[in-house]
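There are structures below to look over.
You will see subunit A twice below: alongside subunit B first, and alongside subunit C after that.
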Partner chain A sequence: MPFRLPKLLLGSYGLLVVGLPLAGLAYALLGSVGLAGPLAAGCTGRYWLALGHDTSLLYAALYSAAVAGAVLLLSVGLALALVLGAQASLRRGPLLGLLYVPLLMPTLVMAFYLFQLLSRAGWLARVSYQAGLTGRLEDFPELVQDAAGVGIVLAQVLLTFPFLALLFQAIYQESRLDDYYQLTRTLGASAGQFRRRVALPLLLRRAAPTLLLSAVATLGAYDIPLLLGRPYPQMLSVYLTTRLQRFDLRELPAAYLAGFVVAGGLLVLLVLALRTIRRHAL
Partner chain B sequence: MRSNLLLGTLAVLFFVPFVLLALLAVGEGWRFPAALPPAYSLAAVRGLLGPGTDLLAGLGRSLLLAGTVAVVATAGGFGLARAIARSAWARHWEVASYLPYALPPVLLAVLIQPFIIRLHLSGSVGGVLLGLLLMALPFATLLLRSFWTRQATEYEQLARTLGCTPGQALRQVLLPLAWPLLRTALFQTFLLAWFDFGLTNVLSVGKVRTLTVQVFAYVGEANAPLAAVASLLLLLPPALLLRLNRAALLRKNP
Partner chain C sequence: MLLTVSHLSKSFGSQPVLRDISCGLAAGQVLAVLGRSGGGKTTLLKILAGLETPDAGMVLLDGHDLRPVPPNERQLVYLYQEPLLFPHLTVFENVAFGLRIRQVAKAEITQRVGEMLAELDLGAHAQKAPHQLSGGQRQRVSFGRALIIRPRLLLLDEPFGNLDAQTRADMQQLFLRVSRQHQITSLFVTHDSREALTVGTHFGYLDRGILTSFPSVREFVQDPRTSIAAELSFWESIQQTALREKI
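The block that comes next holds the complex of A and B.
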């Protein structure tokens, strides 16, 4: 019986995909109350109490949320502008194929490229120096490893917006929005009204789960903020790994606590958002 | 006219990375404020085979890891998707499959790291493989779940009625039918593992030097030419996959 899957296989799968992450979450919780980890010294609530005074996790969460919000807003805006404004070009010619090119790029390579392009000794700075626009390194604006996270946002947008444009285009075609366009025009609506009142709500609602996962992915981004971000403020994933990799083992419980709070928070956020999306689904 | 302008802008935006990486790979002594390298050399590219660098080993390691993840996740996902489709708890299994896929890879790595250490897999290829499979297996399972409809089951039953053994039904009926989805799962799980840096770096503690880990190391050493060569190597398999099958590269939410 080469293809009869025993229940054991499903059980092992459950252990791997549910058991391991949940065990990790439980270990982080136990570590945060002093019951697990290399220096576990018995039950204590002091790390949880200290969380109220430690603003670094809150800053990292707010900074990540701001970056993820900006990335989502810009990427969705650009992708919608492309799909709704250049529909004819997307249907014929090489434009659609061109959008696949950034999908080839690992996030780390994108971060390295943008560092080489936008840093104060980068290629754009060199071109502006040669063109006489800047006279010294410091004259070029700080676009990477900056406090506002401009480099991080740029890198994420460059990777996200072509993917979203391809997604919106697939939904546009599957939903036969061209037929709706003809219909709304026949009924007297303008092209702008069709875009605002028919196409936009439909595209956004049908793409909502993917947009949500994309926002969560940006919220937990690691490679790009590691190369293009600053030591402070840090994005969540970089903040967590930095805290966990410190040499002082006494800091581990606080790091476990941060890991537990972030993972739990993300899961709750995801469940709530998915429920809302499902309630308003088309 | 507007369309050509748009096409030109996007082409420049998307192809400048390749040009800049190529210039960095072959440029020699390229320092600020020179806009172009003063001299060109293939030293960094030749370094691929040189004794001082382990780029070629990194390429092999990455290919082996991503290839293994793709094959195991796709084969496992195919069987698991079938088992889930026939389970009384199908919906629950589907929701459960989203759990590791919903957390950022680095966070997942941070959470499971204590267990990887206890299993003596920290800093080993096995540990990285387990971590990558934790992401890739549910992804492939969810993607392949759509194959196991009533129709697929009926085809299988028909083949068995006509005298096929379970193995023959699998090889001669189900696998050919599922091939387009299997190919997509293979490509996407390969890329998932190929592109990964964070999870690999955390679980391997920097010891399993895949190409992405090497890019990061070279950037840290300010060795832009080797980082550029490693980056270009990282772009090769996805480019090949894009040429082979464009649709399979679009990572749809399963």
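The block that comes next holds the complex of A and C.
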């Protein structure tokens, strides 16, 4: 007899993963119109009107999108290059095992490690000073807590790229791309044509839902931007947390509003993207 | 001779897979090679296609040594047991693949692919995805994709092995018709003696890396290793028993 999940258990799980986030979203919406929160003073639209004049949320969103885009592009590029260019090494030798190592690291540990390595007082800066490559602290380039978010991108890529490489490798084997390679060769295709016309579209389309979720995870990353980012511009999670933790309770409705807009916007984006991906699924 | 194979040998580690194989194939002929699994059939086809390198021996196509020629320049198409259609492309684009990579003009692609699909009775399925087709239809698309580049030699590795009996018989007839129409030279590997007799014009038996070529159908049928004579006598005895019971 097939195992059926008890209704109560199923309902509790549904409440946990859908109900509570929706309740949080509803509370944020009510807070943003002055109907919930410690200093709620009745229905008002002034926080929504003020949103039009406040560009900080927009900047945080654009900055986060740029970082997430850069991380996704770099990680996908590196993972594809590895899977399509080093199949032999991935099947034999320690490379496959080594790809798991960064995945075992908590994000905060990775951020600390990169901070120690790349900051102006870090190991690389000291080595370059000792080697005579730099004479002063300022001569070493800003690689963490920089305006362009290089440190954040680097840390996220170090965590995302191995995961995507393992994902692409699993799809490569499951889709029998080795057999497709041999077939396309006898049909007259060069190795490059096989990669461009068969392997790349197949890998990217099969991995599309996971790539989307990975981009969303980067967009909402907190630990790494907190440690390796600047107070301005901030990524969304850091921006929202900063606003929610301010001492002035009168600023809470604006923070609720920002949280609601970000969560709602992300949900809409996610639904639209998933629908597009499903339409082109293999 | 279009294809000449002489003294071909191949081992994987200490395990010999092909032992001193020699055979020839003239244009338009279909060499049906019968053999059990693990006999070296796939390795032979892969060496001819350029996907494996032989340890010794020579492969000549039209008198030219094929060994230095990469697989994509040999014009020898290797067909797997499974159709291996590209899942991200439509039926039309699957068949057009070989033409697109050769950068054939758009109008010519449309015309040639349209004709090929019509010939294989796939015209109505041109815009479908591979997963929307039946097993036989998929195998026909795979044929079309190979035939459209006008291969000099078709290498078929048990191409109908995964099909049900009726579809398999239909595909054998289709293969015969298309082979004759396009004057295709093929090396057809199978473990089914009936299929070998249906599609072949010439016959061989490959077992434990040793290929025996037969000068006529009669000798192929009578060789005890092919088990065809034993099968015939089995059916005859069944028929006689049935007749006796009737009397």
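To be clear about the criterion, the second predicted complex is superposed on the first by the 276 of 282 C-alpha atoms of A that agree within 3 Å, B and C clash if a C-alpha of one lies under 4 Å from a C-alpha of the other, contacts with A are read in each partner's own complex, and residues count from 1 in each chain.
The rule we apply is simple: a residue touches a chain if its C-beta (ideal position, glycine included) is under 8 Å from a C-beta of that chain, and two chains touch if they have at least 3 such contacts.
None of the values given here were measured: they were computed from a predicted structure.
Asker: With the two complexes overlaid on their shared chain, look at subunit A and say whether subunit B and subunit C clash or fit.
Answerer: On the superposed model, which is not a single observed complex, subunit B and subunit C fit side by side.
Asker: If you stack the two complexes on chain A, which partner ends up touching A:193: first (subunit B), second (subunit C), both, or neither?
Answerer: Touch status of A:193: second partner only.
Asker: For A:277, decide between first (touching subunit B), second (touching subunit C), both and neither.
Answerer: So A:277 meets neither subunit B nor subunit C here.
Asker: For A:66, select first, second, both or neither according to whether it touches subunit B, subunit C, the two together, or no partner.
Answerer: So A:66 meets neither subunit B nor subunit C here.
Asker: Looking at A:30, would you say it contacts subunit B, subunit C, both, or neither? Reply first, second, both or neither.
Answerer: neither
Asker: Could you give the angle made at the Cα centre of subunit A by the lines to the Cα centres of subunit B and subunit C, to the nearest 10°?
Answerer: An angle of 90 degrees, rounded.
Asker: Comparing subunit C with subunit B, which touches more residues belonging to subunit A?
Answerer: Subunit A has more residues touched by B than by the other partner.
Asker: Using the superposition on chain A described above, determine whether A:51 touches subunit B (first), subunit C (second), both, or neither.
Answerer: Neither partner.
Asker: For A:74, using the defined touch cut-off, is the partner it touches subunit B, subunit C, both, or neither? Pick first, second, both or neither.
Answerer: Neither subunit B nor subunit C is touched by A:74.
Asker: Of all C-alpha distances between subunit B and subunit C after superposition, which is the least, in Å?
Answerer: 21
Asker: Subunit C touches which residues of subunit A in the complex?
Answerer: For this pair, the touching residues of subunit A are 175-176, 179-180, 182-190, 193, 197-198, 201-202, 205, 282.
Asker: Can you check the complex and tell me which residues of subunit A touch subunit B?
Answerer: Per the stated touch rule, the residues are 1-5, 9-10, 13-14, 16-18, 20-25, 27-28, 36-37, 82, 86, 88-89, 93-95, 97-110, 112-113, 115-117, 121, 123, 125-127, 129-130, 137, 158, 162-163, 166-167, 170, 209-210, 213, 216-217, 219-223, 226-227, 236-237, 240-241, 244, 259, 262-263, 266-267, 270.
Asker: Please name which positions on subunit C make contact with subunit A in the complex.
Answerer: Against subunit A, subunit C makes touches at 46, 49-51, 70-78, 80, 84, 86-88, 97-98, 100-102, 145-146, 149, 155.
Asker: Which part of subunit B faces subunit A closely enough to touch in the complex?
Answerer: Within the complex, subunit B contacts subunit A at residues 2-3, 6-7, 10-11, 13-17, 20-21, 24, 32-35, 76, 79-80, 82-84, 87, 93, 96-97, 99-100, 102-108, 110-115, 133-134, 137-138, 141, 166-167, 169-170, 194-195, 197-198, 202, 212, 215-216, 219, 224, 227-228, 231, 234-235, 238-239, 242, 246, 249-253.
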